[in-house]
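Please find the structures below.
In the two complexes below, chain A is the common chain; its partner is chain B in one and chain C in the other.
Up next is the complex of A and B:
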């Protein structure tokens, strides 16, 4: 296994910039998820690491080796593609064993393949032809084939996207088992943040070919570096509200307002909004705008307080109707501050507990 | 089809009648130009009918066929034709596959599209035109090829088409010139049938080139490639214009392919009865090839449905 370091990596297709001067290091034996909306360049980045796409500029290091000029074969990476790739006409066992034949003696090869098949729970179908398997199992075969070779770096390109929804969970479970039992340098491309949150040691959020934020999933979730990350992570994403607070020395202040251009944005996650059907101390009134929808056992409310519309997540047991007046509170430690361009500010205004989103 | 968007004349016509109207011209063409002459030919093959004798056809039963089966010359010409087919198709396939691979690997080659277009040009030429041209190229007095052989090896300019031992090879070389591009295009098409992700996966998996050929390329490319070989085989069996223009079967019988024998029987001897019988005989051989071709196509379908 090896760590992956990218330095100033750029890929242009004609005039379109897919990956823009990107530098990052994916640590050895850890799972990194490349996360971003469609077309942000994450798959192109992965294909450059695999050697399937030639970078326009920049360097790729596996540990100390500069591999950007190497062929895919020489790089010794394992890759799982969006659609399962299996070698037709061969059994599951032979599919996994094929790249190893000639490099390992028979008994060792059988043990290696057997172990990996057990890890992805395919030992029961080891002697079946891959052509008879469903998509999810085929994808497991391609995962097993990549892992069994013990490559320096494993690359997964949206491996569950083309799998039927019902079968995805077994694949994800296999991935989780894989990442906890085998220590792999795994770079995993996905646009599904739940996947990223469950599997990753680190996530790298990309937008328009640039790396926006890199860090442990919880840290990125709690402290998004800019408005895009806050909005993209979370379901639904962060609420953003224009405040009357001015900015000074990288912090939002309620004093010293110069003009509208200097006003700070406040961001808060819907799940941190406390909602009560009855008035409570420190709560401000808000109106339920639309009939609430239920998301994963939670109720998603669209609320309006003053001029400000925002979303809140509450327990599903509490019923609300459109037009109803409720009372909301935002814990000050859950507020994140951003400048008008959307970049995170170092700190917000201290000591103003219990303000409503439009309040001062 | 929505009734409301149909033109008025289609709404007037009952549906089955309209379908028949579309099919009838094709059927009529097929019956008049294919079925009737074929049946006519089959009938004629049971008669002795020599145009120049001015005698009405005489029914002779299977006599024409038994004569063909006993005729040493017919068997010799069929043998020569088989040799020609194996040689020509074999060389065209090997060259075509090698060059096809070379083309396939060079997607960034400048002028690749132009080169691919030019590859079509020998195929669209009339075989008689190609034959005439190559007869000039091979001409021992004026031809460019014997001239260069003379210059390079210091031997007298050879009469390639006039020599019994080189005539068939010379015709075969012309056929290779004409039809190798077809096999190149079939190879490119066959390789295009290999999914890109599979090629990428096999490269990432560090499979050796022979293994990539065996496990990745062959399973996807084989059907189009086999189809190409079969089409070439059937077509090479019917080679006529090329050899007719180049050697007319000579010298002696050195390049006497079965199609030429057939032509001579019909239009030199005007022996329509035995020519028809021979044509039927060749038709059976062609049907045998077509059956193999259909079998391969069905084989593909069976494999697809088995998946």
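Up next is the complex of A and C:
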């Protein structure tokens, strides 16, 4: 296994910049998820690490080896694609064993393949032809083939996207097992944040070919570096409300007080909005704008307080109807401050207790 | 009329048409098992005692064996060369997508569409200049050249159907480009290989004009033998012709019967390949 270090990596297709001067280090034996919306360059980045795409500029290191000029086979990477790649007509065992043939003696090869098949729970079908398997199992075969070679770096390109929803969970469970039992340097591309949150030791959020934020999943979630990350992570993403604040040296010093001159954005996650059907001390009234919908066992409310519309998540047992008046409170320590352009400000000391989203 | 009766009548009619078209072939096949006098008998003899006389007579000809061997050797070797070249070419067209790929594919096919009569004289002059007239390499290369365009078209269609992810996965697994082509992609386009093989073998097996002009005694195939071996001192040797036609057509009919669906692939340049 090896750590992956990218230095000033750039890829242009004609005039389109897919990856823009990106530098980052993915640590050895850890799982890094590349997360971002479609077309943000994450797949291109992965393909450059795999050696399937030539970078326009920049360097790629596996530990101390500069591999940008190396062919894909010399880099010794294991790649898993969006659609399962299995060699038709061969058994599951032969599919996994194919790249190892000639490099390992028979007994060792059988043990190596057997171990990996057990890890992805395919040992029961080892002698079946891959053609008889479903998509999820085929994807497990291609994962097993990539892992069995013990590559320096494993690269997964949205491996569950083309798998039927019901079968995804078994694949994800297999990945989780893989990442906890074998220490792999895994770079995992996904646009599904839940996947990233479950699997990753670190996530790297990309936008328009640039790396926006890199860090442990919870940290990125709690303290997004800019408006995009806050909006992109979370389901739904962060609420943003424009307000006035005093900004000094990149920090929000106070907010919502008379005379605050600077425009600022305050962001807060829907799940941190406390909602009560009855008035409570420190709560401000808000109106339920739309009939609530249920998301993942939680009720998602669209609320309006004063001129401000925002979303809140509550327990599914609480029933609300459109037009109803509710009472909301926002804990001050859950507010994140951004400048008008969307870049995060240092944690400030807002001038008053943050109660309403617009500082009422 | 009941629909069932109507369908029966339609089927009967179709059978009638089919039999009418097959009748001359059947007549030749019957002739292969007649004696020389029975072939020319008037009124025609439909009922007769079959005899091996014609076939043994044909087999006793030294020339028959050389023509038969030529036909087999020339068709098979030309098509094998064509398929190897075409597979590599089709793989490149499919994967590297150089600028002008579509235009090159078009040019390739249009070469094949030029009528033989239009190029036979220049070909003859070229072959004379090269000294390739009446030589195996010469005629085999010519037929290979003629078989390549169709094969490239058929195989490109099939290779396009194999996701490039297979190539990439195998390459990152440590495979070389040749390994990818022949061990990963080739097994998945075998139906296309079979289609190209059958289609071009039939073409070369049937080709007359070029073997007649740029070939010669040494490389004459059965079609040339049929045309040139017609006359003996006693006139046209119908018994020889009937037997030779029978032996020449039979393998094709068997092949076509068993590989019908592959022929469809060939005739549509590989664009229709759902069934294979």
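Assume the second predicted complex is superposed on the first by the 346 of 360 C-alpha atoms of A that agree within 3 Å, B and C clash if a C-alpha of one lies under 4 Å from a C-alpha of the other, contacts with A are read in each partner's own complex, and residues count from 1 in each chain.
Methods note: contacts are C-beta pairs under 8 Å (C-beta built on N, C-alpha and C of every residue); 3 or more make two chains touch, one makes a residue touch a chain.
Keep in mind that what you see is a predicted model, and the values were worked out from it rather than measured.
Model built by superposing both complexes on chain A: chain B and chain C clash. When the two structures are aligned on the shared chain, A:227 is found in touch with neither chain B nor chain C. Residue contacts after overlaying the shared chain place A:269 against neither chain B nor chain C.
In the superposition on chain A, A:11 makes contact with neither chain B nor chain C. Applying the stated contact rule after C-alpha superposition, one finds that A:172 touches neither chain B nor chain C. In the superposition on chain A, contact of A:138 is made with neither chain B nor chain C. Note: residues 50-52, 71-73, 76-79, 81-83, 85, 87-89, 98-99, 142, 145-146, 149 of chain A belong to the chain B contact set and to the chain C contact set alike, using the contact criterion stated above. Residues of chain A touching chain C in their complex: 50-52, 71-73, 75-79, 81-83, 85, 87-89, 98-99, 142, 145-146, 149, 151, 155. Those residues of chain B that touch chain A in the shared complex are 195, 197-198, 200-208, 211, 215-216, 219, 306-307. Partner chain A is touched in their complex by these residues of chain C: 163, 165-166, 168-176, 184, 187-188. For chain A in complex with chain B, the residues that touch the partner chain are 50-52, 71-73, 76-79, 81-83, 85, 87-90, 98-99, 102, 131, 142, 145-146, 149.
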